Every structure is written in C-alpha cells, then in structure tokens.
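Heads up, there are several structures right after this.
Okay, so chain A shows up in both of these, paired with chain B first and chain C after.
And then the complex of A and B:
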C-alpha cells in the first residue's frame, strides 16, 4: 500500500495510466482483437517522439521561456541531409547518421548563439531559426522525397518477438538520459539552473556552458530523429518533422515535467509518447471523424495534465 | 509523356484564331503560399516552363512567381495587396484558404485585375476557379477497384486534409462508387493529409484492429505510406490506388515485376498551374464567355501506360503535365455547354 502511494506520487505515472486506459478501451472495442499489434505499432511510432521529447525536456527544464521550436525544421533538414549522404548505399549508413547528428548539433549551437550573442528570447530565436532552416531545406531538398538505403530502412523496421529493436535501443538511451539528469553534474546543473538561474550561477554552475550544451543536445537529438524518421517512413521530406513541434512539448508536459523548469523526469516522456500514439489508435479504431478526433485529443490531454498536476498539488 | 487525359472534348481544338497580340503587354503574377513538397515543386516547375515560353513568344509581357513560405492567410493577403499595387493585370493564385482571402481578392477584382484560382481555390464570386473533377476521381477509384477485386471485400479509406473541398469531393465520390458496388464495404477510415508520413502512421495505428483488407481507396500522396504500414505489420498487401507520385509508381512497378500486381493511379496534375495561367491569359484576351467555375480533367495512369511515364518523373517527384493554350481553350469549351 505504501509502495503504491509512493508510485502514485510520481508525476510520470499518470501518463502510463492514461496510456493503459486508452489501450484497454481500444481492445474492449475490438473485443480483444489486435491488442498486441497495437502495442507494436505504438512502440514503433512512440520512439520518434521520445527521442525529440528528451531533448525538449532538457531545454524546458532550463527554466521559463526556454523551449526549442526549431525541432520540426531541424528534423526535416537532417532527414534530407542523412538521405542525401547515404544516397541509397548501405555502406554509407553510419556516415549519413553522423552527418544528420552534426547537422542537428550545428542547428542547436546556432540556436544558442542567437540566444546568447543577440540576447533574443529562446522562443523567438528558435522560431526564427526554424524559418531559416526550412528555407535551406527547401532549396537543398527541392521538396523531393529521397529514399533511404534498403539496409537502413529494414533496420528501422526490425522487430524481435514483436518488439521493435529501435524501441529497445531508445529505452537504453533514455535510461542513460535519466542517469545524466539525476546523477550527473550536467543534469543536476540543468535542474539547478531551472530552479533558480542566479542561485545556480552563485553556486558555481557554468550557466552559459550548460545552456549551450543543452540546446546543442536538443539539436543533435532532432538531427538523429530526422535520420531515423526518414528510414522508417521511407524517405526524407520537408514536412516530416511537423507534428513534433507540438508533440515534443506535449510529451514533456504530459510526462510530468514542470513547464516552469527545474523539475524533470525521463520515464514520463515514454508514457506520454505511448499515450499519444495509443490515443490516435483508439480514435482511429472508433472511427470518429477528423474534427471530433482533434477535439477529443485536446480534451483528453487536458484531462491527463490536470490529473497529473492535481496530484502534485496534494503533496 | 504518354498521358491519359480523361477528357472527351479534347479533339475540339479551335481554329477560332485567338488574337495573340492582345495580351502581349499584360503582366500576370502567380501568388503561391507554399513550396515545401514535391507536388508544389512540380507545380512551380510546370508553371515556369510554360510561362517562360509564353513570355519569349511575347504572348504576355511578364509572368512572375511570388511564393510565401508559411501557408499563412495574412501573409498571402498582404502579398495579393502588394501585387495589386504593383499593377499586374492578372493574378493566378493557389490560395491558403477558400474564403479568408476573399477580401483581398475582391480588392483585386475591384482594381480591374483578373483573378484565377486553382488547387487551393477562392470562393469570391469575381474570381475564376480551375478545379479538378475530384468527385469523379473518387468514384473511378472504386470502379477500378472492382476490376482488380471482382469478388469485393473490405476497403480502407485514407482521407485528405480535413475541411478542404478536395477531401469532401473525393470522399463523396468514393461513397457513390461503393453505393454502386455493394460488394465493397469501407471498414475503416483514417486521415492521411495527402502525406506519406501521416498516412503511414495513421494506417499503422488502425491496422491491428482491422479485418482483412482487399483494397485501399485514397487521395494521392498516401499510397506508398499505406503500403509500408502493411509491410511493417506483416499483413498481406491489398490493392492500393496510387496518386501519381514517383515512389508510388516505382513501388507499383516493383510489385508488378514480382507477381503481376495490378492497380490504378490518379491525381491532380501539378501542371494545372499552367492551365490556370492560360485561363487568365484568355480572360485578358477579352473573352467574356468563360464560366467562373471550370472543371478540368485529372491525370490518370493505368496498368498499360504507367511504366512508360515512370522514367520521366523526377526521382521523388510527382507526375505532371504542362498544359498548352490549346488545352486551356478546349477545357473552357468543354465547360461552356
């Protein structure tokens, strides 16, 4: 009982409860048919939101006003860079992934440069950066779908006993991110800056360096995500990252990370990402129209955030 | 390109002697609100090819393209107002919204400017609308499906961007087709937004709960994504109606080479931009008999001719067709009756 109460006190548990309820509702509707397939599909698709969600989480944790709005454009450009470098050739997969990572890191670093050197608020800096990135992408990719090499495409689809390998690797990555957040100097510094930037500075945290690292990390994860998305969805395109503007922020918030910064958790990003995909699964399975689907998505997200937030107030 | 234009009145090719010189001093602007996908790129390419020649041949004085980046209505409205001030004689427009731009469009009309909208059309009555017969396309999808799956069965429908006239028209056509072919039943419907990624994701989420699917009726740009979702889930490949994208037709060819896979492909040709250009030119030429709503044919490929078309489509692009002045005059004629 005590352990249950302890579990319920965790801010991230609500996203998992939401995901479970939505999944149960869906299989109740289908009479149990297809439940396993839904989990596989949810894991395959949630991976992409988790990767950018973790990057966004670190940025948001830096405190009020910190957010990376350049992720969609970053993902789009990196997907094109990765596919062009790979050029359909299996031998170039690693080089393409590195190119996408480098592209993302450069974007992240440029974001911080705008914020630091020109003293532009992060929302404006990353949003204006995203227009520049998108324009580069349009002239670089010419709006064409560039296909991944067959080996890379197969890798993104590879499953063991119905569990996507990409999801397993992402779990490993998120465990690493959780350790970095809670147990390493870098993560503790991010939390400290989010709680009180001046106090963190007085305590000897190199605020500038940590913020630079965080924006670069977010950019790098966006770049990696772009390459993986292009593999899974069989082609790079400018719009491939569009939904991750809202989704990356939504998973952070639904997952129980404080929008005001200074308080974060990694498991919630997974729970929230699964929740969002399963929600889409449920509404598609119920066969509701597009308008109702958007309406319900909004209402349910508000519901989960309220549930998670209400619990916090009790503590 | 060997294309099958679903247009009867093609042969009626006017010897009516159009007065070319009359528009040689006219300037036509193209207001476009987005360039970020393969369809829009092909649209701009086709427009560029046709108008460049028209300017060289002195049919018109200028045909400039203005693209805004962000699909936003206010940006495009401001752009249209700029074009009015710059003294263009006609504006060809792919609009961000069917009704939100009407104020700016009305201003243009009041300034004596001819406005021709296509693809993203405007409802302002003074403008011309070049629209593809999407309803017939939806109906034809089911007709074709009946040829490939004569026994009938379950269909999955992938819909386009919610709230657009195009989505409504194709959907209505598909429903009409299914009503005429009761052997088919639509057992699922998802929103694919004409986008491969969105479609693949939507199909992947609904697939586990669906019974066996014999065919997919869709709206173009979503067929390849649907094929990927079926492959990823290890489900048997249904008959997927394609939408003229290069990757769709290439996938079709791969499947055909493997086991004789059959399907059908149709979509609005991005080059319809060039048709809109010629309509604007015809109006400037002094023709007053042109209906404000012009229904034009869609571009379709069959089992027999898609392979010939495939090499001519840019890698990752979409099949297009550049319309000539004669095509436009024929299309206008077909609509006058």
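And then the complex of A and C:
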C-alpha cells in the first residue's frame, strides 16, 4: 500500500495510467481483437516522439522561455541529408547516420549562437532558425523522395517477438538520459539553471557551456530522429517532422516535466508518447472524423495535464 | 491641545517586525507645520520603515498614527494623499515607457477629458521651472530616456505638483543622491521656500552637511529607535556621527590579532571599475577583509567582478585561487527551491563528489552530514526540501555550500541580512576558524559590528574605495566619517 502511494506520487505515473486506459478502451471496443498489434505499432511510432521529446525535455528544463521550435525543420533537413549520404547503399548507413547527427548538432549549436550572441529569446531564435533550415531543406532536397538503403529500412522495422528493436534501443538510451539527468554534473547543472539561472552562476555552474550543450543535444537528437524516420517511412521528406513540434512539447509536459524549468523526468516522456500514439489509434478505431479527432486530442491532453497538475498541488 | 493641532503627523509608540527582525521598536515621531525635519541613521536603523508608515505604505504592528490631531485607524496611501502627505522614495518610481507628462497624470486623476496631456505637461513644466530653473527637460520626453539625475528631478517636481488633493508634507528620501551639486542646491533652496510658506518636509540624506544646513530639527535613529531629537543648531557633524554610531569604544581583542599568522601569499588584488586613483583591494591567504560603507556603493559589484574574474581573466583584477560566493539575497541569488538541503550544499562541489562519471549519493550525503554537524543546520533530515528550513538555517546551508567547496577565497555579499543573532555568532566563529586555516574572506556587510571580525577594512563610496583601515585603527566613527564624507 505504501509503495503504491509512493508510485502514485511520481509525476510520470499519470501518463502511463492514461496510456493504459486508452489501450483498454480500444480493445474493449474491438472485443479484444488486435491488442498486441496495437502495442507493437504504438511502440514503433512512440520511439520517434521519445527521441526528440528527451531533447526537448532538457531544453525546457533550462527554465522559462527555453524551447526548441526548430525540431521539425531539423528533422526534415537531417532526413534528407541522411538519405542523400546513404544514397541507397547499405555500406554507407553508419556514415549517413553520422551525417544526420552532425547536421542536427550544427543546427543546435547555431540556435544557441543566435540566443547567446544576439540575445534573442530562444522561442524567436529557434523559430526563425527553423524557417532558414526549411528553406535550405527545400533547395537541398528538391522534392526528391530518396529511398533509404534496404538494410537501414529493414533495421528500423526490425522486431523481436513483436517488440521493435528500435524501441529496445531507445529504452536503453532513455535510461542513459535519466542517469545523466539525475547523477551527472551535466544534468544537475541543467536542473540548477532551470530553477534559478543567477543562483546557478553564483554556485559555480558554467551556465553558458551547459546551455550550449543542451541546445546542441536537442539538435543532435532531432537529426538522429530525422534519419530514423526516413528509414521507417521509406524516404526523406520536407514535412516528415511537422507533427513533432507539438508532440515533442506535449510529451514533455504530459510526462510531468515542469514548464517553469528545473524539474524533469525521463520515464514520463515514454508514458506520454505511448499515450499520444494510442489515443490517436483509439480515435481512429472508433471511426471519428478528423475534426472530432483533433478536438478530442486537445481536450484529453488538457485533461491529463490538469489531473497530473492537480495531484502535484495537493502535495 | 494647541500643540496637537500644529502637528501635521504624529506617531506614538510605533512598532514593526519583519519575521525575526525588529525594524522599529516603540518610536515616537512627529512633524509640525512649517518645519523641515532631518532624519539620519545607518542602513537598517529604521528610517525607511518609519517613512513607509508616514506615507501609509506600511501599517505599524502596534502604536498610533494621528494626522492634525485626529487618530487615523485605517491609514493608507490614498488616505495619506487625501490628507496632503506625499513621498518621494529612494527607488525611482517613474514608468520608464511613459512621457514625463503621462507620468505626471498618474498622480492626478482630475486631469481628464480632452487635452489632459497638455494640462499635465503645463503642470509639470511649471513646477520644474520653479524648482530647477534652467532645466532642459521637456514634458514630452520619455522617462526611460532621461538620465538618472533628470528622472530624479522629475520625480521630485511631480511630488510638489498640486491639483485636487492638498499638499502639506513631502517626504524626501535621499532626494539628491543622483543630483549634481548645482541642482541639489536648487532643490534644497526650494525646500526652504516651501517650508517658509508654512508647509512641512522630512529630509532623509546621508550627506550630513545637507541635513545640518537645511533642517530645522534633526531626528537620529539607530537600531529601530529614535536616539536623539533636537534643533538642528544644537548638532554639529561630530555629535551627529556619535549619535548615529554609538560612542562606546569597542574593545578590540588584541590577543586574537596577535595570534593570527602574518599575511600569507597574495590571493586577490582588485581595483573597482570606477576607481580613479591608485587605491586597490588586496587580500592575502588567511585574511578576513571587510567591505564597508553605505549600501549599494559598489561593494557587491566588486565582489561579483572578482567572482567573474576567477573563471575569466579581467583587467584590473587578479585572483589566484578558486572562489565561492555566499549570497545575501537568498531567494534570488542563493537557494534552489526544488532541491533538498544536501543537493543545495553539494552543487558547488559536484566535481569532487563524483566517482567515475556519476555523482556518488554516498559522498553527497557525507558532505551534507559533515556540515550539518559543523555549522549546526537544524533539520531532522538533510534530504528534506531546502524550504523546510528557517531563513537562518537556509543561510547556514549556503555557508556550508561555500565552505565545503575547494574555494580558497570566499566572497560574502552581506550574508547576515535577516539572520538571528545566535546564528550570526556561530557563523562568525566558523569564519575566523576557516581563516586561521588559510582561507581568505572578502566580507561585505552593512552591519558595522561585523567589521570587528575583519583584519582590514575598505570603505566604499560611489563605487570607489575611499578609505583603507587596518584593524587597529578601526573605529565606527572613522568608517562613518569616510562613507559620509561630503567631499570625498
């Protein structure tokens, strides 16, 4: 009983409860049919939200005003870069992934450069950067749908016993991110800056370097995500990252990370990503129209945040 | 009865506490019609608290306020304005995005309808012409674009403008702090004319000459009490300084001075950015250096400059050891409100708490429990949130953060604000002990008694070092003379 109460006090538990409820509602509707397949599909799709969500989480944790709005454009450009470098050749997969990572890191570093050198608020800096990135992407990709190498496409769809390998690798990555957040100097510094940037500076935290690293990390994860998405959906595309603007922020918030900064948690990103994907599946299964689907998605997200937030206020 | 009627305002037995701090303890204060009262005292003597009560922004915890003999039970700012009592506070309060005329309109609700902007402009321009003839301020100027001196001129002039409400008493809190000698003279001459016309004024200034030359009566405050009140003629500079600082000679512990090791290697050499002569602050290992003078005269700026110089070289500042800072403003510069006490202490020492790449929870707990014993942080569990501690204990945690680090130099930015006396004495002992072990302390304090712990004191005025006192030549009078020096 005590351990249950402890579990309920965790801010991330609500997103998992939400995901579970949505899943149960769906299989109740289908009469138990397709429950397993639904989880497999949800895991496959949630991975992409989790990867950028973790990057966004570190950025948001830096404190009020910090957010990376350039992720969709970043994903789009990196997917094109990865596919062009791989050029349909299995031998170039690793090089292509590295190129996508480098592209993302460059974007993240450029974002921070704008924020630091020109003193532009992060929201404006990353938003304007995203327009520039998008134009580069359009002229670079030229609307060509470049196919991924067959080995890479297979890898992104590879499953063991119904569990996508990419999801397993992402779980390992998120465990690493959670450790970095709580147990490494980097994570502690991010949390300190998010609570009070001036106090963090006066306590000896290298504020500039940590912020630079965080935006670069977010950019790198966006780049990686672009490459993986291109593999999974069999081709790069300018619009491939569009839905990850809101999704990356939504999973951070639903997952229990404080928008005010200084308080973050990684498991919640997983729970929230699964919740969002399952919610979409549920509404599709119910056969509601696109308009109603968007309306319900919005209302349910508001509901979950209120439930999780209300719980926090009680303590 | 006759006397009561000539009092514009009268406070009897006014008391005010802020948490553990007793800002005012039983103050009697009054201002008569046609009188300029000078109010002097150290930072924290209670002047501002008292003036906030006169202006209606603060209510006394106990005591009575009477205006023209009538007891005011529900005194407030609107009521004060209605009764003709106004205040120009030290903090400049003009809206920086509005013009001078628009700022004037804020205080005069009766300026309405078409042409209010022109009426307000005429009103403020006439008053500026009257007080500061030859000023070059236009009513259309945006307040934020004016220099700080001109903003202060507008602020003062605005307080003297009259439309609907009467005007009988104006409180001027450091009205000349940003004015040059010429405009300050214009203002003081106007104040004399204002008082001669039967109105009243309270003048607060750290420039004792100004107060002596312009007030009819002088009230001296110290430690939340009125310690002297007499006609201005009865005071001279020395008597004022003595009344403000307390004449009792301080017994210096000569033995302790002797027991200190002679100066170790150089740790800090710093020249304030605005210093024009060759004076600079020098600190050696094992020394406790005091930074004194009035609040906000460049002490904190120099500490921050030294802090920044430790990680990135700066012109004019030499730092030869790691630096840690103990913030005085805990909420904005010190604590991390989401974290436990242990995490708050550990943040300055993360590199040493690692084993491999990860921070070791065991070492973090050891550091926390060591300092819990050593500095006496009163809590059942160091994993409790930092906000569960009282203010004094939060401050101890900040000391633990700095003293538990590898820093050879500890900067203290008036860290004892709002800390009870018991905690203070414990921390003083600890600071002396750490200094004997070779640490260097740079200690900015607004409390003169704390300077007794220092080996060497630099007195600041207007961002510059104006005096450099050895421990054996340290007297309170000397510090006050230097920091109030009109000529310096």
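We take it that the second predicted complex is superposed on the first by the 315 of 315 C-alpha atoms of A that agree within 3 Å, B and C clash if a C-alpha of one lies under 4 Å from a C-alpha of the other, contacts with A are read in each partner's own complex, and residues count from 1 in each chain.
Rule of thumb we're sticking to: a residue touches a chain if its C-beta (ideal position, glycine included) is under 8 Å from a C-beta of that chain, and two chains touch if they have at least 3 such contacts.
These numbers were taken from a predicted model, which means no experiment stands behind them.
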item: Clash or fit (per the criteria above) of chain B with chain C on chain A; value: fit
item: Contacts of A:37 with chain B and chain C, given as first, second, both or neither; value: first
item: Which superposed partner A:235 touches (first chain B, second chain C, both, neither); value: first
item: Partner chain(s) touched by A:293 [first = chain B, second = chain C, both, neither]; value: first
item: Between chain B and chain C, more extensive residue contact with chain A; value: B
item: First (chain B), second (chain C), both or neither touched by A:89; value: neither
item: Chain B versus chain C as contact partner of A:199, first or second or both or neither; value: second
item: Which of chain B and chain C A:128 touches, first, second, both or neither; value: neither
item: Partner chain(s) touched by A:191 [first = chain B, second = chain C, both, neither]; value: second
item: Per-pair minimum CA distance [chain C against chain B, superposed on A] in Å; value: 31
item: Chain B/chain C common contact set on chain A; value: none
item: Of chain A, residues touching chain C in the complex; value: 179, 183-185, 188-189, 191-192, 195-196, 198-200, 202-206, 262-263
item: Chain B partner contacts - residues on chain A that touch it in the complex; value: 26, 29-30, 33-38, 40-42, 44-45, 131, 134-135, 137-138, 142-147, 157, 229, 233-235, 237-240, 243, 277, 280-281, 284-285, 287, 289-291, 293-294
item: Contacting residues of chain C [partner chain A, same complex]; value: 307, 311, 324-325, 327, 332-339, 343, 347-348, 350-351, 354, 357-359, 361, 401, 405
item: Residue ranges of chain B in contact with chain A within the complex; value: 35-41, 69-70, 159, 162-163, 188-191, 195-198, 200-202, 204-210, 224-225, 228, 231-233, 245-247, 314-317
